[in-house]
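Take a look at the structures below.
Here come two complexes built around chain A, the first alongside chain B, the second alongside chain C.
Let's turn to the complex of A and B:
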């Protein structure tokens, strides 16, 4: 086994161990479990976005829409249909994926800044629907009057509402399954084709790869995982409000991916950890947290354009 | 009924004029420098707030002239210090940077002028209705349409008749050649950015007279401006103008018949345009 492969495997093991043991070490260093849960959930969304951003080379800026659709899908299922955690996750994911699949054909032919502009503009439709359709969605006040439901496993029932550790492990399991699927996809011929499109789209086209179709599939998968993250996010808060769909939320996901490193698998998760922790701290310290978050964006672009993992990799290589 | 419809069409036209002014500035910057300026709405808000703070000293007319100029100066500075560094890099970075700036501007205006909406006094004689039948035709509204008309005419004059404008248009098509011909491209991009921000500042002064001062005014107007550009066609300034007016009128008319879809309708229009004519109404083929 050469060193690079060994390093990669070691990093994977380390990340999984850290995530698995989160409820034990995080409180010890001054955090709290809910913060860890939020990091994992938003990290999943950022990793889903990175499927497009980092691996397909498509500049998507509107992922808040699918994240928010997943959140509303899960919340409304539990609130109006069946008080079932699993079904909520399923409905949320399907709703977001279907919306992505429908919007996909309208945007896949666009590239670069145009793609970014159209995706972020489209995301606003869902914001206004959630905002205006207040009889169903609760409008600006958000969707309230529900909580996450106990998990029935047949042989036992787990109370995830009052036990943050149990809830964390539910999120962790969902995250692990999603990440495993993502990693498998990226290793498959399909994932390799995405890389080829990212590196040289024209060449890929000449080789007979149906580029638009691949981007559409990649887009839909990315939307599906983003909405899964959104569904989990609804459970984290026991609440959904239209801000989960607002265009500023889309920017948050992009900055997480860039900050951690778009070209590395775990980058967006690390970006999410830093971003969420920082936002949590700053908003507890000052009312003007938006300025700090904005300043953070500017500093990341100016000084860490390759992201943290990108920088480390460069240091190791040189 | 006719009156209500007319009222809303007229209202939509005015809102559309704001969108168009803002979208024209965005388009200018995007066409020449490939930067989507998310902070455009922030500049608009700053233009409006500057006018508000200036009014007691220089009056409405002074503010109308000075505030956009000062906003443009701020724009020149921001381009010089921050945005210039990102030309030629992946467009993702300029997107993120201006995104951060948008946050900072919105929060900055909130910090300086407060989160509460502030009233913006326009001269009294502009506010009285001109006709009892068409109560909505106040002088201020006609005045706004007039100012927007003058600004747009001025912009097209600059672009078509002055050396700066011709260089901007040439640079939009082929910046490298323009550079080789001895034009200072850095300065050109700087001036072009300033011109775009001037339009945002002007839209800001006019918009706060109609909508009132809110720190969030920028972030609420920027998405419709994107839609205006997409509907009108990327790369085409007349298209952007048309797109802005169209979506303004469309949301005005929708207010009459289906008020809860007032905002959503423009995105539906965008989807329709993208399906039928992906390059936009007046966009050039194959540019994006």
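Let's turn to the complex of A and C:
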């Protein structure tokens, strides 16, 4: 085994071990379990975005739309239809994925800044619907009057509402399955066509890859996982409000991906960890926490254009 | 039957007529060169054949089928592969990965979410074969973006070849290369033509290369067809000489 492969495997094992043991080490260093849960959920959304951004080379600035649709899908299912955690996750994911699949053909011919602008525009449409349709969505006050439901596994029932560790492990399992699927896809022939599009769209086209079709598939998969993260996010808060659909939320995902390193598989998760932790600690000191996160982001982009993880990888390689 | 039949192909960019009713017929196994002074419309002509640009008028028939309105990808599926004047590769991937994408796509695996061990073995074997043919075996794991211009070009030609094309279009394969690199690429094209019996159409500025390789030559000037014939006929054609010396063709 050469060193590069070894380092990659070692990094994978390390990340999985850290995630698996999170409820044990995080409180010991002054954190708390809910913080870890938020990192994993937002990390999943950022990694979903990165399937498109880092591995297909397409910048979406409107992923909050699908994240928010997932959140409302899950919240409204539990609130209005069936008090089932599993069904909420499923409905949230399907709603976001279907919305992405339908919007996809209207935008996949666009490139660069035009693509980004139109994705923002679609996200804002959903934001205003959630904001205005208050009889159903709760409008600006958010969707309240519900909580995440106990998890029925047949042989036992787990209370994920009052037991943060149990809830963390539910999130972790969902995250692990989603990440395994994404990693699998990226290592497949289909995944390599996405890299081809990122690297050189013209060459990809003249190898016989119908680029628009492949971007549409990548986009839809990315939207599906972003919605799954959104559904989990609704459970994290026991609440959904229109800010989950707002364009600044989309920007946060892009910041997480770039901060951590969009050319690294785990980069966006690292970015989410830094973002959420900074948000948590700095916002307890000052209301202007976003300016500190912004400053940190600017410094990272200036000095480590490949993100925090990209910088670490370069250090390890040399 | 002719493999490629281009009939009265024209391309207008606003009031500029880049290509003006050019026709060309290429037989299977032929190596055809397209030459002409700068701005003659050679690359535009090529871009229409490969589907990169849409013609204003005229028709392209490939193997008996009218392909004038097909997308680039569909033309590739029918067997037309091309390279570009400015090398188009995947710079941040290794030579092996570049070729792998081409081989997998050519094997109909572009949408496949998995690859059986058996299939993977076939693909590896094909990649090794292409690496050997392009003289890239020793550089398989280098990033393409970090290689010399000549090696990048060889990699690009091998990617086109991975598609098992029936027609290979090469746009100035030796552009910007030193003597040794030009020689190597010329030898490579010659091998593909002689040994693999590939039908090739190439645009070329280097006349040594053209006269060394081509079976027939098409000369374009100011978007129009100036002459067509064997290298000997073209060399002794007065209109061609006039065009190349910068005089008015008339």
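The working rule: the second predicted complex is superposed on the first by the 309 of 318 C-alpha atoms of A that agree within 3 Å, B and C clash if a C-alpha of one lies under 4 Å from a C-alpha of the other, contacts with A are read in each partner's own complex, and residues count from 1 in each chain.
We take it that contacts are C-beta pairs under 8 Å (C-beta built on N, C-alpha and C of every residue); 3 or more make two chains touch, one makes a residue touch a chain.
All values derive from a computational prediction rather than experimental measurement.
*Asks:* Touch test for A:214: chain B only (first), chain C only (second), both, or neither?
*Replies:* After superposing on A, A:214 lies in contact with chain C but is clear of chain B.
*Asks:* Kindly classify A:185 by the partners it touches after superposition: chain B alone (first), chain C alone (second), both, or neither?
*Replies:* The answer is second: A:185 touches chain C but not chain B.
*Asks:* Based on the superposed arrangement, let me know which partner A:176 touches: chain B (first), chain C (second), both, or neither?
*Replies:* Neither: A:176 stays clear of chain B and chain C.
*Asks:* Mind telling me which of the two, chain B or chain C, contacts the most residues of chain A?
*Replies:* When the residues of chain A touched by each partner are counted, B comes out ahead.
*Asks:* Determine, under the contact definition given at the top, whether A:59 touches first (chain B), second (chain C), both, or neither.
*Replies:* After superposing on A, A:59 lies in contact with chain B but is clear of chain C.
*Asks:* Applying the touch criterion given at the start, work out whether A:200 contacts chain B, chain C, both or neither, answering first, second, both or neither.
*Replies:* second
*Asks:* Which positions of chain A sit in both the chain B and the chain C interface?
*Replies:* In chain A, no position sits in both the chain B and chain C interfaces.
*Asks:* Which residues of chain A touch chain C in the complex?
*Replies:* 184-185, 188-190, 192-193, 195-196, 199-200, 202-211, 214, 217
*Asks:* Spell out the part of chain A that touches chain B in their complex, as residue ranges.
*Replies:* 53, 59, 61, 103, 106-107, 109-114, 116-118, 120-122, 124-125, 128-129, 131-133, 247-248, 251, 254-255, 258, 288, 290-291, 293-298, 300-302, 305
*Asks:* Please name which positions on chain B make contact with chain A in the complex.
*Replies:* 30, 34-36, 38, 82, 85-86, 89, 91-93, 95-97, 99-108, 110-111, 219, 223, 226-227, 229-230, 234, 260-261, 263-264, 267-268, 270-271, 274-275, 278, 288
*Asks:* In their complex, what parts of chain C are in touch with chain A?
*Replies:* Against chain A, chain C makes touches at 50, 52, 71-73, 76-77, 81-82, 84, 88-93, 97, 100-102, 104-106, 109-115, 156, 159, 163.
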